[in-house]
Amino acid sequence: RAPLVTGLCRLGDATLILGHRVSEWCGHGPALEEDIALANTALDLIGHTQMWLGLAAQVEGRGRSADDLAYHRDAMHFRNPLLVEVPNGDIGRTLMRLFLFDAWHHALLERLVSSSATEIAEIAAKALKEVHYHLDRSSDLVVRLGDGSEESHARMQAALDLLWPYTGELCFGDDTDAALAEAGILPEPGDLRSAWDATVRETLAEATLAVPEGRNDVQRGGRQGRHTEHLGYLLAEMQFLQRAYPGAEW
Amino acid sequence: TPEEHAFQARIDAGEKIEPKEWMPEGYRKTLIRQISQHAHSEIVGQLPEGNWITRAPTLERKAILLAKVQDEAGHGLYLYSAAETLGISRDEMTEQLLSGKAKYSSIFNYPTLTWADMGAIGWLVDGAAIMNQVPLQRTSYGPYSRAMIRICKEESFHQRQGFHIMMKMARGTDAQREMAQDALNRFWYPSLMMFGPSDKDSVHSQQSMAWKIKINTNDELRQRFVNETVPQAEFLGLTVPDPDLAWNEEKQGYDFTEPDWSEFYEVLKGNGPCNRERLGARQKAWDDGAWFRDGLTAYAEKAAARRAAAATAAE
Amino acid sequence: RAPLVTGLCRLGDATLILGHRVSEWCGHGPALEEDIALANTALDLIGHTQMWLGLAAQVEGRGRSADDLAYHRDAMHFRNPLLVEVPNGDIGRTLMRLFLFDAWHHALLERLVSSSATEIAEIAAKALKEVHYHLDRSSDLVVRLGDGSEESHARMQAALDLLWPYTGELCFGDDTDAALAEAGILPEPGDLRSAWDATVRETLAEATLAVPEGRNDVQRGGRQGRHTEHLGYLLAEMQFLQRAYPGAEW
Amino acid sequence: TPEEHAFQARIDAGEKIEPKEWMPEGYRKTLIRQISQHAHSEIVGQLPEGNWITRAPTLERKAILLAKVQDEAGHGLYLYSAAETLGISRDEMTEQLLSGKAKYSSIFNYPTLTWADMGAIGWLVDGAAIMNQVPLQRTSYGPYSRAMIRICKEESFHQRQGFHIMMKMARGTDAQREMAQDALNRFWYPSLMMFGPSDKDSVHSQQSMAWKIKINTNDELRQRFVNETVPQAEFLGLTVPDPDLAWNEEKQGYDFTEPDWSEFYEVLKGNGPCNRERLGARQKAWDDGAWFRDGLTAYAEKAAARRAAAATAAE
């Protein structure tokens, strides 16, 4: 049961933290259509979070809720990959991060719809439709900005170079993953690598962006609870009300 | 002129004016000013609420607030589109906003300081907005009227959500109740200001009413808002910050203290608590987004050229 | 007693929040000497905070400590003037803010050393020496940067223009102030205005900077608990550990 | 050469070398490299701890941490000054840091993730630094030796403060104890790496020891550190993350697992968790500060010109 709780938190924490980052754009986007689309993406991700962390809390069986998990754990107990906690940077970096994440998220959900755990399969089926749209949108923008103006190309390449070392973690498994894969509950992260790779390489080629040469698994540890220095600040902000007013209802 | 008479006759008959049809220049200009101001208010209005999205206290509240702010951006989009039918581009309107030539609702120059403000904005600010907008569903300009119908539906949903937050706070812990009361204290008079200066001081009103661009007077709407809101405050157990508030049996409405209009004009002049932050945030979004917009344009041009080349090659 | 607690919180909150802002520069200053000086200023201000809030807690008599006041009040109950919570901006704005504050702080402490309340007079005497040095330093830098390069002049003028509307609050009294002044405990804020004005105008003239034309009392309310949107974020960060781990000792 | 022999004889006799005196070029270069690397470490070392100043849990802890980070900047200043006596400017050294030509201690490329890390850095990182620095008080170069004497005094104060934080955490709530253990887990091996690669893999060592720029070997110091630190961890009730750690009666010291040197070299190459953030922060501070430094220079020039003009007028 403990590995399953961890596995579900890894999913829910990833969507929660990424949803938080995306939501930071609200009202500050580069075009009105983009404001709307980013808010929509954030909304979807928070929706997934409610389902994943809700299920995690239920499996855990200690009477906690999705909100308890979101608002009452400190950074050490968060299990998201580091990629999603990196600060937004410019809109180019934000979109590149979404694309790199979406490519993985989509590959993962496509596998999860046939999880041996029916609750997981059901959540995945709901999320997959939205994430299909996310990936369509983010890959389209990566292509258009990568193959756009000189400046947009340079910014997208810089974004890719900066984020690349964080991407390997998405497909990097540990013992918990192995146990869950064994049980047919969640796929082995390594098994998603070829699908991720194919999507990413194809899109980047169309975007006229160069795949960085360095290793892409340099920055990892988030899924085991070792985060960047950024997560603590994010949580201080996100959790403030729950921490400052324990027991209040909202 | 005969054209003007015919135009007024159509309006008096309750007909809708549509984009390609003849209209007086004053009608067009007034509508552009009014619709774009409303659009800008939706856009700038994202900011005070956006300020609490990352700090929303539960996942559900975060989702609701995100959806609401997204709706506001959507309303901005409808309204800019409606204004565009009158022959002004969205970029022109944006420039007018950023240069200060076009205004947005002053209420958004007040800060959101606690979570209760998310309730107060929904309850009071959206409530006042609806009071303004419901009659505008019957406005004479077709695209504007249709945008208003769509917007009003969503706004009343937002207002209920705001009232629900307020109720949770007002009936919550002592600290929450304190925040709720404080939010009401801070937003009450600015909400009353949303209807604009008293009719006697209001410019443009007469002609706008004849054209059915404006349906009710500012004072009528303000009175209606007070009449509806005071019992809600009582229901919440909160105190409206007006010691002279009293039911007037004769007029079947509340007597209430006028807002401090000198404050209103100060805020209008740019001296509100957040004018600089709000316009600064929009300016920054615009400036930082230039490369993004240019990049998309560059791609579109390349793609068109590639399609043209492919078409030529195929011939 | 309540007015005195408020008066002391106004002092301690001002030094706490300003100390926090200054401490954000640690390790990021424009020159090593500046890093050291800014850390030193922050340290002094936190020291004053311990004394003022310590005394506030003692006068309040509800068993709270200076730390309780610093870490367990939400923004609504903070009583600092808005000037100190404005974000740092560039180093020019940071130094200009320090100068505008120091000019007031120095004038205030010069009066407080003869407060009828001996504890206040004692704290003021200790703080005055440090603040004398702060004012020396910040006014010197305002002069040198104002009368420096074209760019440094422009930046200092922009900083002054931006901060000016917040300065009036420092010398703007309310009923609490009046009651405390009546008792000879704290001076009437308005009585500090001429000293503040003299220091500021003299220094700005030497710095070749123009005194802004607009009203300087437009932005106020902090001393009554109505803050800018910035304070909430600052407190979420500052108070995180105390909020997240209630009852722990550090 | 005879000069070199005389120089070595002075060193062997325990004399201090002073700035204006003759010294071999290699001695000068090695010292510059070593002292500037140490100075850079103090400067970059402000960042991991600076990361928690705004979040320090009490006013007293905040004050202590501020004072500590201020001391580190002060140490940087002494050390840059000592290096400057060897004919390199502080700006040159800064450029070498920012270009990556000069290094700083790899330990600062690890993140500080909880408040316990403030304890771990004081206890382990400053502890290791002291172990390195105490012998360097006897180094042959006068200015360096004097800087070290001053620095060591403050560092041991910092180490005690760090240990005190660790003790509060280790003996605090469950959550605090968990943070303390986690901090030890994360900082143990990087601290062992602070002494540099094993003697057999270490370049420059022989000559540096002859010149008394280096007093002990890396492995000697590392062993000494482990011997001192393990009982402290036991006292705290924390577990050193090394299953093979064992007291060796014969050598009167602990047998311990070597750190993963491939990780060390990866971090050195720039692939540590925070290399980019650390250098990025220093680069930004430098770039953002350019106008400030230029402004002060412009003022100094104007003031000098004014003084000169006044002097001329007075003649």
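For clarity, chains are labelled A, B, C and D in written order, and residue numbers in each chain start from 1.
The definition used in the following text is that a contact is a pair of C-beta atoms (placed from the backbone, for glycine too) under 8 Å apart; a residue touches a chain by one contact, two chains touch by 3 or more.
Every value quoted in this text rests on a predicted model; they were computed, and no experiment measured them.
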**Pair sharing more residue contacts (C-beta pairs) when C-D is set against B-C** = C-D
**Item:** Interchain centroid distance [CA atoms averaged], subunit A/subunit B, Å
**Value:** 34
**Complete:** Taking each chain's mean CA coordinate, subunit A and subunit C are separated, in whole Å, by 41
**Request:** Would you pick out the residues of subunit B that each touch at least 2 other chains?
**Result:** 55, 175
**Asked** Residues of subunit A touching 2+ other chains?
**Response** 74, 232, 236-237, 240
**Fill in**
Chains touch one another in the pairs A-B, A-C, A-D, B-C, C-D
**Asked** Residues of subunit A touching subunit D in their complex?
**Response** 74-76, 162, 165, 214-215, 218-219, 221, 226-229, 232, 236
**Residues on subunit B engaged by subunit A in the complex (per definition of touch)** = 43, 46-47, 50, 53-63, 66-67, 69-70, 73-74, 76-77, 80, 90, 115, 165, 168-169, 172-173, 175-176, 281, 284-286, 288-300, 302
**Asked** Of all residues in subunit D, which touch subunit A in the complex?
**Response** 51, 55, 111-114, 175, 178-179, 182, 186, 266, 271, 273-274, 276-277
**Message:** Residue numbers of subunit C touching subunit D in their complex, please.
**Reply:** 16, 20, 23-24, 26-36, 39-40, 42-43, 46-47, 49-50, 53, 66-67, 70-71, 90-92, 143-145, 147-149, 151-153, 155, 237-238, 240-242, 245, 247-250
**Request:** Flag every residue of subunit A that touches subunit C in the complex, lowest number first.
**Result:** 74, 232-233, 235-237, 239-240, 243-244, 246
